[in-house]
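Quick heads-up: structures coming right below.
Two complexes come next, and they have one chain in common, subunit A, joined by subunit B in the first and subunit C in the second.
And then the complex of A and B:
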């Protein structure tokens, strides 16, 4: 009787596994190829995004000579008018462009005076290692909900930061000399409304000495 | 008050506590009684409920399992790993690509095996349950780290995600699963031979053994079931997050023991019920939710929870002493 019971259970189990298979067998080669096809490559994505979307989006930037007086007058109103933020986060971003003259150069920043006749550092172009998500989230071109896997979204940020470190910063460090006139496009991340924005710290995407 | 009334009152204590909390929170917060919040509470307790059902059976036999949180983490990680990467068999040059159903079965089998090992160690080597399951806690945590390399396994797909994040008739699947487990294990504990044996072992292990019942087998079954239920909880957590976090389930054993004790199950075994544990889970869930809605600091939330657990155990001990 016991054997019969076990046999019936085994048959039912086999039936379930037949209708709902536990696994499929694939050769190592096929499995590797399939996995590579579906794996998100953030570096490749960042390259394409940089060329096709980011460089083509500079018209969306807010001009620094418009933004800085607005921040001085009322940082809350400037945030509402010009900034982007993600979800409920207190931090926000400015996608900013402008030009000014270099007032100082150090190991990790190039200081620019933006307003006419100003000698104060109003924008600081960051030239050290790039951290954070300003480049990914500051432009409004990438939407977190398009990336169900948050790891992919984080990888995009790392890849964009790496592109800036590899392409933008070496040239900037080389060309930035005190007194030179320089134009820039970049993103600034502000932690919250209490953050001191004198100067506005910008991660450069493109710079040019005029 | 006669003995019967006292016993009935004791059984109703968790229900009264829950009712008082619900009334108080309804008066203090206008968000508490909304449908969305009630659904949220049920969703939040569903994982603890799965763990606590198994823990109830174990505590009913007079044992304890400190490894349920770690088993939850390992089962979730194994299921996620098999689903995402498959199982490579280099000798044959093939990979077993697991389906979501296969990954779920594998996860549950992992929990079942670890739970069985707990029971085996406790009965075969006569280890105190506290020590044996503490060892398993460490083993399971280590295995989880080895399996995942310390990194989360992510992007598991919508089919697998359905069990944690999906809805059926407007109610989260996780709630349906935990409710089904409550019904099944209530039936097992009250209407089956195994259920009666569990109460008997917890009541008096010696008397049970003298009456010809294989106490060791009962205990092994109970720990194995506890492991399988921890695995179900792990699968829900993993599916809900769409990721297996190697640190998942850290400290969950404490919440589960708390729910069982608050629900009126005696730590010395033999007395308690699955329905009491459901109430215990609800009390903890409502307490967490209420303190959050009332904007109480998370640090104070832990203190309050600790006080509630102490009060529940003290009430149980005082009741036992009087008896």
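And then the complex of A and C:
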């Protein structure tokens, strides 16, 4: 009788452990893979975002030959109409495209005249080290509220900046010659209107010599 | 007899007036709703400004407001939340102690129907708090990093004092700074240690760093309290002219130190602006508004000797 009671108790215990296991056994390989899957990888994200979203969003840009006269006429009105900003920030971004001819080339920038017959630098394509959030925040495609940890969101900025430095700038530096006609798509951050609008400093996402 | 009647009439009038006055004032008290201001630590002047400003704005808006000091202790913070939920508070203006450890407290308040508005520090969740008003530490430290390279140069040894390791601001600041400075291979970080956002700890860590690395040219500190501690250590060691100090917060004593040429730069976080806005959000919520953006970045501006005259009193003049 006692043996039967013990047997029943063991069966019940086994049943409880089956339904509510106290621990799981996993191989190191599986555990590492599961952890990696949970950890946000900004580099992988940026690669996918670049191909699937960013390059497909150029229709959302404002044309430089429309934006520059608008800024010239009334920078405040141009900001309201064409710019985007984040939270309570006073700085803002333009997602801009256009074409012009190269009027100067230096280590850190390619200067373009945009308006017909102009020889002034109206857009400066930035070709030095890329810092900040213009590429992440300038397009309006990414929203900080979608990211539980802001570190992940900030890592996206660094990853996108590296992509521009690796994919866009080497070709731009090689092809940009004074007098050449060039088209571009990029993002501009305006932090200080006295220095950032004339010329408009654009971090390029795509450039083509025509 | 006439005198007695007069006395009786006067007594009735006075009693009625007293009763009316008491009822009126308790009706006013009952109508005043309560807002809790839970702050990670009141042992840092910057957070005192944050907490006091939030409280003052809540009172201006017609609420009773109380500050709870978590003393950088998640257990104390959890106890505050238990108390404020039981105490009938209508909203919480919350400066968390830990990005992950504080989520459970916010969820408890949410389950009790109390909205929580995070200020300055983040929790790693997008569906617990009603809104989070966060300093854009990363962008601020990108700018600080650029100014660091401009003033320190592209070569030399430097050290970094990190904040509290469990706080996202610590890493957003550090990563923003390094996203710039690490691009210059000549700049070598020879020491990196937590000073826990604390002035005394910052002083202590800086002292030991100076002993191990006497040739550093600069120190980047994750907040102004540590920057002041580091500066004190440098003065004691006679190295305050050799080592450039960079802070972050926009604390009044550091802004003054920048004007006096003792500290090179800091990031102004605008605590008053964040605190006032969070109290206004709570007021709007209580009055029925529900559509708040989850995370609202608040810009950070760098304060240097070139523009220091524009800043003071925890903001822009």
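What we mean here is this: the second predicted complex is superposed on the first by the 174 of 210 C-alpha atoms of A that agree within 3 Å, B and C clash if a C-alpha of one lies under 4 Å from a C-alpha of the other, contacts with A are read in each partner's own complex, and residues count from 1 in each chain.
Throughout what follows, contacts are C-beta pairs under 8 Å (C-beta built on N, C-alpha and C of every residue); 3 or more make two chains touch, one makes a residue touch a chain.
What you see is a predicted model; the values in this text were computed from it and never measured.
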Which superposed partner A:89 touches (first subunit B, second subunit C, both, neither): second
If touched residues of subunit A are counted for subunit B and for subunit C, the larger one: C
Touched partner set for A:175, first subunit B, second subunit C, both or neither: neither
Contacts of A:151 with subunit B and subunit C, given as first, second, both or neither: both
Partner chain in contact with A:132 - subunit B first, subunit C second, else both or neither: second
Which superposed partner A:195 touches (first subunit B, second subunit C, both, neither): neither
Subunit A positions touched by subunit B in one structure and by subunit C in the second: 148-151
Residue ranges of subunit C touching subunit A (in the complex, touch as defined): 99, 122, 124-126, 133-134, 136, 138-139, 142, 145-146, 168, 171-172, 175-176, 179-180, 183, 273, 277, 293-299
Residues of subunit B touching subunit A in the complex: 82, 85-88, 90, 93-99, 101-102, 105-106, 152, 154-155, 242
Subunit A to subunit C touching residues, read off their complex: 86-91, 129, 131-133, 144-151, 154-155, 157-158, 161
In the complex with subunit B, residue positions of subunit A that touch it: 20-28, 31, 35, 148-152
